[in-house]
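What follows is a set of structures for review.
Next, two complexes with chain A in common: one pairs it with chain B, the other with chain C.
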Partner chain A sequence: MSLERRGYNKLKIELSIKRRPRELPYSNIIVPMGSIIISLIVSDILLVLSGVDPMVFFIVLADSFLSFSSIRYAIPLILSGVGLAIAYKANVWNIGAEGQILAGALAASGVALFYIPPDMNPVTAAVVLYVIGFSAGAGLGLLAGILKARFNVNEVLSTLMLNYILMQIVNYLVYGPWRGVREYGYPRTDIFPDNVWLPQLIIGDMRTTVNIPTLAISLIIPFLMYFLLFKTKWGYEIRVVGSNPNAAEYGGINTGKVIALTMIISGGLAGIAGVGEVLGIYRQLIRAERVSAGFGYTAIIVAWLGKLNPIGALIAGYFIGVLVSAGYTLQIISRISYGAINVVTGILLLSLISLDFISKYKPIVKVVR
Partner chain B sequence: MLELVARAIIAGTPLLIASIGEIYTERSGVLNLGLEGIFVLGAATSFVTTLYTGNAYLGLLVGGIFGAFIGFLHGIVSVSFRGRQVVSGLALTMFSYGLASLIGKSEVGKPLPTYIYVGDIWMELIAIEILIAVAFWYILFKLKLGASIRSVGDNPNAAEALGVDVVKVRILSTVFGSFMGGVAGAWYILGYIQVWTEGAGMGRGWIALAIVIVSAWNPLLAPVFSFLFGGIEAALWRFQLPPYNLDPYLLGALPYLATLVILFMFMATPIKKYFRPPASLGEPFYKEERTI
Partner chain C sequence: MRGMSRGTTPQNLFFNQEYREALAYMKDISKSFYGNKALNNVSFNLRKGEIHVILGENGAGKTTLVKILAGLYSPDSGEIFLEGKKVNIESTRDAIKYGIAMVNQYPQLVEELTVADNISLSLNNVGLFNQTSKIGDKIIEISERYGFRIQPWKEIMNLSFSERQRVEIIKAIMLDAKVIIMDEPTTLLTTKERRLIYQFMKKAKADERGIILITHKLSEALEIADRITVLRKGKVVDTVDVSEATYEKLMEMMFGRTVAIHEKILKRGLGETTSRRVLEISDLSVKDNYGRLAVNGISFHIHKGEIYGIAGIAGNGQIELVEALYGLRKPVKGDIKIMGKNYWEYSKKEIKRIIGYIPDKIQDAVVLDMPIYENSILKLYDTSEYIRNRFIIDYDRAIEYSSQLIKNYYIAAEGPDVYAGYLSGGNLQKLVLAREISIDPPLIVAVNPTRALDHFSTEFVYETLYKFKETGKAVLLISEDKDEVLRLSDRISVMYEGRLIEMGRREDVDVDLMEEYMIRGQNED
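Up next, the complex of A and B:
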């Protein structure tokens, strides 16, 4: 890149870029932290411009750090984010967590409403429904994976299209055939029988919206996935396909298998998140926009903020959970629409990849004649 | 039937504008997933502009300028900083969604003082749009400017050796494509649905991205698919009414299902070999690692 400045001797300013011999020290911590700070500052400026007191944002954020609603939002974000981190590690661009959450929620709701006998043991019911939800999400992911592996259909677009299709199917069901008979015409199914309810965390005599089994799963999965990614042959193959597809091919790694595997894992984990939402929080299937609520897209940021490391995604998931919770509070107290939270998450992701660049490359400015 | 054709053209126009712009961006080697957000932002900003100034053409321009700004950010992050194009694009889509909702929230549902009325002149509209598509095809495939854009997208190292400023061409193509995306979103509001609600235009950007692929990155084919998707959208309205009375939600899934099926048909059949993406699409350009 060169910028020509017309001067006496035609001085030329040359901007070039050199790869640093090694990343800047502590970049694993500085890059995520730096981008969080940048995004918060820019977002606060935008909020002030739209008429919100500058301190309100930070007070709300600080409050959210200690609230259970942050954990409630962190659960689906961690589950989906960890899965996406695995997929992105293999350079498989699954943007379909939103639809995969819905697939899990839809399948679990259908089975809970029509097939689980009311006298089934709650533990058995929960296991069955988690498996069903995982399979539904994984199946949807695998569909896009097969399209990618067999026919080279761009997975970004196919997963996105499946998101919209799933959303419409869920809405069709809650407005149509599955609409509850005891729900006064609201677009939702009947409440599930209580043996499929996932128990919620109760602190003192306060009931929280955090459901214990899904919380436990979301705390265990990141470590399992870390093990899978860094200590097993499958994980090795995933990392090779992602970092050097040519080497993977010559090394005899079946790229199609890796694509399918990562789509199954990421889709399945999103499916589990969907099960947690409907069985642990709403206890009925409701409108699609409220079940998945953008978690599938926000989870993309969780994966990147965690630097595509499953344990990193666990921490990032909690932080983004705080942000989401703060976004909802802000909506209530300041008449700012919830959509505005997208400004924060968008800038966060942008500064993340920009700072990542600076930690790996060194910009050099030279003046030449 | 004729009314359906007219509706298809009108609904397809924003898709055509957005996809022609994105064809230029992708031909230069940059995949801009921010197009979806740009479309939504163009819709919101043009609506607010038109509401306050009463000038719909100023609205189109402002929508385009906001789009170009987002495209410029995408250029800086993904071309200059070599951030992954998919991630940068998605980030910008989220950012634009948020910005659109901040900008438009207080004006939801207000009636526009003026809009661009094309209902009577849809036949002229087809002619103009086909002419525009041909013009953009001519620039891309017959002029030196187009040759630079395509060379940068196919083989940036060779292009650089021949004296093309790869970074500049890529950023400018991205800014241009995003300007068109913003205009497309603006047209969607001002020339088609004529009212803004939160989230207006969501999903159209993705469909435009799919149109780029099935048009084989060729502006000449873009009108065909844009009008096809416009037609699907127009038909959805018709099928909700008697005597068909189909479910609006199932119908709503149709454009996305159609996109998926058409993408599949193009990739899984022998037509595929005519649909070669620009060779360096999505690849960052590393100047300093060039070997001479």
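Up next, the complex of A and C:
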């Protein structure tokens, strides 16, 4: 009776994994960088296959690194991405940044149209509207947070469904009661009064679509949130709850409060992004698909690409902003649809997850007979 | 095969009848954990059709040795031969392929699935279509042959501990294992259940299989073994035939000297108790996760300067009791008083600070992906000691504090910024103990506080708990290890099916009776 001769004569490939005793060194840098490189190369191959000159993609990309349009897209991505990073750090899976952006945009638009007197000081008006937008996004987030903390409703489902509800509300308003009288029947509200317009950056005589106050906020918030997460007691609670809920309960941390807090922060920051979009760029409330434009979903990639670190999300947000901007340019110069850029972000997320896995686990491939 | 010419194989091996015929031969195995030598040049061989007992104290290296054979650990050095052929066992999958199966001390099964599903999973034939119906018949056939009764369609969560163990055993047979490793299989069994396991081992032996039985019970070794290998502090003392072994001889091999265990236990004097009660529990009932009454109207109290020991086999309500005490679970009825005050007079946070708690699952008390210094302030992070400017955590102070803990409690870590996840189970246990005792609470609740510890760390923990109590504090010790309870406690009781059986002060405890109560809840007569 042999131990080995038991019908293992065919060649077989065995896959297994082993947890590494430590994460690979520098994985915090190598993983995001590696996944960016992989996604760019794979995407370029796909573009070449659809008839684009291989260098075009990289030229457009390099060009976008220095364009204001990239900064314009980076602003909502950074704000929502940082917020999501905070929520994900606490193991709260907020997928609702899209709806929270809309909530912020919707609330700010309503107040700007109907409540802000035309003679109000623009600075006061901006502060009021940012607060309103933050509260609206935070409120929507908190709703999902309470459902989770109190009734154990899965936040992935509730936040995702709230996205569609907000989308329909915005569209109902712009097609219905709020449709502008001077807009020739287009589905959008009237232009807001001047005193609520957020000032745009002007370089020489070129007007950019970058609005200064929201840009400033999106540059400050990541550092503020980094401080919150790693230096304060609230950040400590967030990280403990996210890493080990049992240990949190053991240590007397109120998990429900932490869930609510992270939903308020992430929803509120997305709300501010929404305010920036309507007051800083469009100056009117338009169709939902164009206000949030998928930023809320793309921000999920921003959060992960930044390794759930707020400052990482700042850098990642800028990079994804570049990609989005490059996508629009590519569409114009090479007749490739804008959707092609979603391939890049999709591959980016895939390679990010795979590389992250490899940095933690060692894959073992064996051929056995 | 011309094995003689192979460079890796020592020549003498092939002239040595014994080793050539060995079913499994482990040669010069060494293994260290964090600089501690767990195994030091250990050689071991298993013959066909024998029950080979590996005997040794806790921390002697028994489990490490068999885990290497089962592919759970890889050795630092040494070789493994199966029927004279050198093999490389890198994973449990390799081990299974070579016909080596391990029956775990704590069976690892999927609670929600049936017996057949669980066995099917490990047979690696999970395909597009469920093939468990075929397996069901085979399970019944095997269980009848070996004298177990098991229903393949029952969910694991409805099985008792010994039934779960049988599932693991049947799994090993279904895998057609030639080498079956059993890690302390009888610790938590009643006498009758123990007989069934012995019966199984004898039948498996008759089938030409080799059985490795790990135990620290001398009587068990003498009753069932063909040969006995004694390990002490990571080295082989000797391998003897059971015919040559006596109780005294094995005792001397295990401990290096002849000491009766009971003498060792009673070495310490009893603690002076005062009348001040730190904890008073009356008529407490608690439900478990499935809504069953796990703790059924129990009452006891603990004085200042006293260790109260509750012995009992896992799953008799101990966890529910301490979780209710620590505020993680709401009691159905009953009163808890701490330091003379009613439980509800304390806030949730206060309870966490007046009770130092070392839980059974130590991972529930630490955050593995945080450094030691962040773990060391888990209960104090929002107290004035660690908070500056109302909400900023003073991490410098936390680092300093945790460096102290590492030093004073001999935690094997390079420094306070090492992540808790890189610590061994034993060091995690020490970290939690260190943290809980440093808070200086009036009461420590410790559940199996030395389970993951080696011999020396165990002694250290005992010493620490003892000193703690001598400062006038109270300890509630809950343990599956009756020797541990007997050694440390001033007063003892046994927990069985949610009820407490008072055994009285330590010097009055009838050890045999206590064991009876632990296993059966009543006296056999």
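Note that in this section the second predicted complex is superposed on the first by the 347 of 369 C-alpha atoms of A that agree within 3 Å, B and C clash if a C-alpha of one lies under 4 Å from a C-alpha of the other, contacts with A are read in each partner's own complex, and residues count from 1 in each chain.
To be clear about the criterion, a contact is a pair of C-beta atoms (placed from the backbone, for glycine too) under 8 Å apart; a residue touches a chain by one contact, two chains touch by 3 or more.
Remember, predicted model here, so these are calculated numbers, not experimental data.
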**Asked** Is A:Ile341 in contact with chain B, with chain C, with both, or with neither (first, second, both, neither)?
**Response** first
**Prompt:** First (chain B), second (chain C), both or neither: which does A:Ser16 touch?
**Reply:** both
**First, second, both or neither for A:Gln168, with chain B first and chain C second** = first
**Message:** Touch test for A:Lys233: chain B only (first), chain C only (second), both, or neither?
**Reply:** second
**Prompt:** Is A:Gly204 in contact with chain B, with chain C, with both, or with neither (first, second, both, neither)?
**Reply:** neither
**Asked** If you stack the two complexes on chain A, which partner ends up touching A:Asp356: first (chain B), second (chain C), both, or neither?
**Response** first
**Request:** Name the contact category of A:Tyr250: first (chain B only), second (chain C only), both, or neither.
**Result:** second
**Request:** Using the superposition on chain A described above, determine whether A:Gly185 touches chain B (first), chain C (second), both, or neither.
**Result:** neither
**Prompt:** Which partner, chain B or chain C, touches the larger number of chain A residues?
**Reply:** B
**Prompt:** Can you pull the chain A residues that chain B and chain C both touch?
**Reply:** 1-2, 16, 18
**Prompt:** Which chain B residues qualify as touching chain A in the complex?
**Reply:** 33, 37, 73, 77, 80-84, 86-88, 90-102, 105, 165, 167-168, 198-199, 203, 206, 209-210, 213, 247, 249-250, 252-253, 256-257, 259-260, 263-264, 267-268, 272, 287-289
**Contact set on chain C toward chain A in their complex** = 23, 82-83, 85, 90-91, 93, 97-99, 176, 178, 208, 326, 328, 348-349, 351-353, 357, 359, 361, 363-370, 374, 378-379, 381-382, 387, 391-393, 395, 422
**Item:** Residues on chain A engaged by chain B in the complex (per definition of touch)
**Value:** 1-2, 16-19, 46, 50, 93, 95, 147, 150-154, 156-158, 160-162, 164-165, 168-169, 171-172, 175-176, 297, 300-301, 304, 336-337, 339-350, 353-354, 356-358, 361
**Request:** Name, in rising order, each residue of chain A that touches chain C in their complex.
**Result:** 1-4, 6, 8, 14, 16, 18, 21-22, 231-234, 236-237, 239-240, 243-244, 246-247, 249-252, 254, 364
